[in-house]
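Below, subunit A partners subunit B and then partners subunit C, in two separate complexes.
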Partner chain A sequence: MYGFEALYFNVDGGYLEAIVRGYRAGLLTAADYNNLCQCESLDDVKMHLAATDYGPYLANEPSPLHTTTIVEKCTQKLVDDYNHMLTQATEPLSTFLEYISYGHMIDNVVLIVTGTLHERDVHELLEKCHPLGMFDSIATLAVAQNLRELYRLVLVDTPLAPYFSECISSEDLDDMNIEIMRNTLYKAYLEDFYRFCQKLGGATATIMCDLLAFEADRRAVDITINSIGTELTRDDRRKLYSNFGLLYPYGHEELAVCDDFDQVRGTMDKYPPYQSIFAKLSFGESQMLDKAFYEEEVKRLCQAFEQQFHYAVFFAYIRLREQETRNLMWISECVAQNQKSRIHDGIVLIF
Partner chain B sequence: MSGSGQRLNVVPTITTMGVVKARLVGATKGHQLLKKKSDALTMQFRQILKKIVQAKEEMGEIMKASAFALTEAKYTAGDNIKYIVFENVDTAIIKVRARQENVAGVKLPKFEHFSEAGETKNDLTGLARGGQQIQLCKSAFVKAVEILVELASLQTSFLTLDEAIKTTNRRVNALENVVKPRLENTIQYIKGELDELEREEFFRLKKVQAYKKKEVEKQIAKNKLLLEEESRKDAGHKVDRDGIIGEQEDEDILF
Partner chain C sequence: MGFVLWWREWTHAFLYMSPFVFSAIGIALSVGISVLGAAWGIYITGSTLIGAAIRAPRITSKNLISVIFCEAVAIYGVIVAIILQTKLENTTQPFDPESMRAGYSLFASGIIVGFANLVCGLCVGIIGSSCALSDAQNSTLFVKILVIEIFGSALGLFGVIVGIIMSSQASWPSAPI
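Our next item is the complex of A and B:
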């Protein structure tokens, strides 16, 4: 199971692995969620959260609490944890951690580029960016008028540079649908991350490649379902799938020609891990697919903690925290909007 | 009643009375018409009120549903999805057009929404995660906008109609309680005044006649007296007359 990296892992990674496992112990448990589901108001939610790791973050919030505040504080907690680990990390763990944030970085870049195209104020846009994906020169993105300039002036200094150069030719920014650009970038990012993990070898490679493959497959399925009925052509759709994962390459070929949800289901039935996900959904119903995928993802992420001496725990921790933030968002929205009957629909229990 | 005892400041003549009577007829007619209008407006008002209540109840449901659809979209697509959606919007797709509707002479503003065939770049938003939820959220909010526009239209009509009904009712009441009594009073007054004049005239005539009669009687009495006197003279001083004649003769003699 383990390679020889286990011998030396603790020299550099031992402390941080201990930290991340400590953080993991701070994630909300099923009992916490049960308590949260009983809440009558957001203040009750806050009270329950006070006993958890989020306590210090929510302690000083004035009483008319909003869902956004709770989500913001949860994200803040995640970012603080992340930054703490990042500053302690040595190579190659630091690179690995940085890779985790690239996804948000892509989102931020795309957001700013879109905003700039519509001549919004940059500072306004910066506030909307996800704090995990911030980098120093992000504010300068707004100066760029076209993609070539954007690349030459700003992106070349960021880690995203290779993704831009390899996937996007020098068309004008307007010419391309921003959403396709985002997904092309994300595809390149996932492939790069996949290669990086393979390079790391050992348990990290095994577990991370599995997680990333799942992510890539999930994206492929989601892109397929979401592009049904839009003007996205089959070839374009095919181009957005990442070139690895369980579905690559034959599943992708089949997904690319799917025209409705049941065809997607038919394709996925050939792949046992996904067949079980789709088996949970009734025919023709695609609403709860996202939740089913979330559940599967959480299951896999939790399994990452079963092994020691590898980096996938960091990835798993960050992802689990994000899922937890989503759960809390869902709970507090349900509480705030008086939709208690739906409260269990959105919670993905982590443990 | 307010206005009772009041009257127009007119010269009480037959002509004026004719004019005032014509005005009274006009006021009665106007009163009837306004009353009808008021009834029509009130009916419309009640209908709108009913619709507003319905629309508001519906709106509550729809707003709830759409707020929850937004939550679902946020849950699947991430919290930042709203900014991405914002940035992809150039112009409004659903627009509101205002037109006027005529109810019993009252111009009611009506709003109606229409979607402008513009391309949305949001079709592909959330492609990799939550795209369907975003579309659902979009349609939920489109519904919410539709009901809001309808409600706005009804509310504006409601206010305008309310104002119109108030004005009309004020007019009806003014006609009923002020203008008509005043005109009636005026007619009464003119009639009274004319009667008074007639009586005066009659009395005057009577007076004149009485005077005339008196005069005549006086004359007659005087004549009678004269006659009497003459006859007495004739009887008592027959000689005198002769004497007078004789005197005359005397005078003649004198000359």
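Our next item is the complex of A and C:
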């Protein structure tokens, strides 16, 4: 029943929705970023952050700060918020929140498997994993030699198991395989999440499907650009695109045969929402594409807060926090390395 | 043919129902459904309010107004129920057309007041929850949304007015001399 969520949404979701909107008020504003950009050292950054939600997290850090500490603490704040929401949530919100963490789980699996392939220490890798995507048996991922073993030994017990059905093969793991696995998993995950949101119905379905469609389209473009000049065939590339979104299906057919960035641009120009993104970039320039996409994503996520009585605010909040962590990482790196002239290149302002 | 007979039987069933039954149901609906609307509105506002107040404790006392607006809806229901109840008099001729008319008018005014207050309570509750959220973000918005809320709560009053006018038509035949 579209439009009638207002009558019953608050039974289960009202309290948490209000909380997450409170969290949103704690996101750094343009004024905060301006202050942060003036910083001379990481201690200044810490001082500015003390007045924000990150204050308690950074308060007890000893003085020679590292960029990694700041990023770690920011992530910690996000994880604490997430866990707080997850413990308070009831069905179907708890499932919805769990879906949000699956993306990190996929990234972690890929990180561990790639790391093991390059003979890195497992503990070192575990520290690099995103805490939102941790699961119990993650450390044992290192034993797997091929995808079938990976599935059978470890992942069958995780929520990712259903997504593996498309990529079980006995081939030995190599960089190419792993990257294809990551994208196949992500495709299955996005499609599953999309179906779940459609099942929820109402404003949640409208807004979430829009956000997920954008995510799927962005991944399609990324896959295309990254696979230009590699041995990935056109059919294989086509298989990695998610089966929904604005580009599905005709845009995908065109993207699948693109050979250079300008052809991608030609394809995307036919879609008005993406045309404006590509219009910001000068010809032949693909480096700034990520930032342009991030800016568009942040804009869309902020719009999710315009409507009440739906779940997309939880998704939007977590994504915005992640963007903020990326911003802070960039700022701290620039400050630590004395590259203040480049500081504005990497920040995506949220408000 | 069968349908006509069936219809006639059922309309007759209404004729054989005592007007006191109608009056009693009308009074019950006026207070019962109003309270349902008020309670519904209060939980919509209240659950949002406690969530929003965690981050911005200053909003709690201001936003109690939203809860009071919802509460007022229940009070309308109680007032009308009392008014209707005073209209209910004893009569020796319960199936006199005048008694029937009194019974129906009390029944109708109960339904009017009940459902008007139900949707009014919902309306005020939903606006109240948005009011709490926006007040937590930006305190200048509170008064602006409060105006909308006042208009929302006026809807219930329309029902009350029509209900009272309607019930004033109810009169019971006095006993034959």
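Convention: the second predicted complex is superposed on the first by the 318 of 351 C-alpha atoms of A that agree within 3 Å, B and C clash if a C-alpha of one lies under 4 Å from a C-alpha of the other, contacts with A are read in each partner's own complex, and residues count from 1 in each chain.
Just so we're on the same page, a contact is a pair of C-beta atoms (placed from the backbone, for glycine too) under 8 Å apart; a residue touches a chain by one contact, two chains touch by 3 or more.
Predicted model, so just to flag it, every value in this text is computed and none were measured.
With the two structures aligned on subunit A, subunit B fits next to subunit C without clashing.
In the superposition on chain A, A:Asn183 contacts subunit B only, with no contact to subunit C. Within the superposed three-chain model, A:Tyr250 lies out of touch with both subunit B and subunit C [touch as defined at top].
Put simply, more of the residues of subunit A are touched by B, taking subunit B and subunit C as the two choices. Using the contact criterion defined above for the overlaid structures, shared-chain residue A:Ile223 touches subunit B, although it does not reach subunit C.
Distance between subunit B and subunit C in the overlay is 30 Å (nearest C-alpha pair, rounded to whole angstrom). Put simply, subunit A uses no single residue to touch subunit B in one complex and subunit C in the other. Those residues of subunit A lying in contact with subunit B across their complex are 71, 75, 107, 110-111, 114-115, 117-118, 120, 125, 128-130, 177-180, 182-183, 186, 219, 222-223, 225-227, 230-232, 240, 286-287, 290-291, 325-326, 329-330, 333-334, 337, 339, 342, 346. Remark: subunit B residues 64, 67-68, 71-72, 74-76, 78-80, 83-84, 87-88, 90, 121, 123-133 touch subunit A in the complex. Contacts from subunit C toward subunit A in the complex involve residues 40, 43-44, 47-52, 54-56, 122, 126, 129-130, 132-133, 136-137. Partner subunit C is touched in their complex by these residues of subunit A: 6-7, 10-11, 14-19, 21-23, 25-26, 308.
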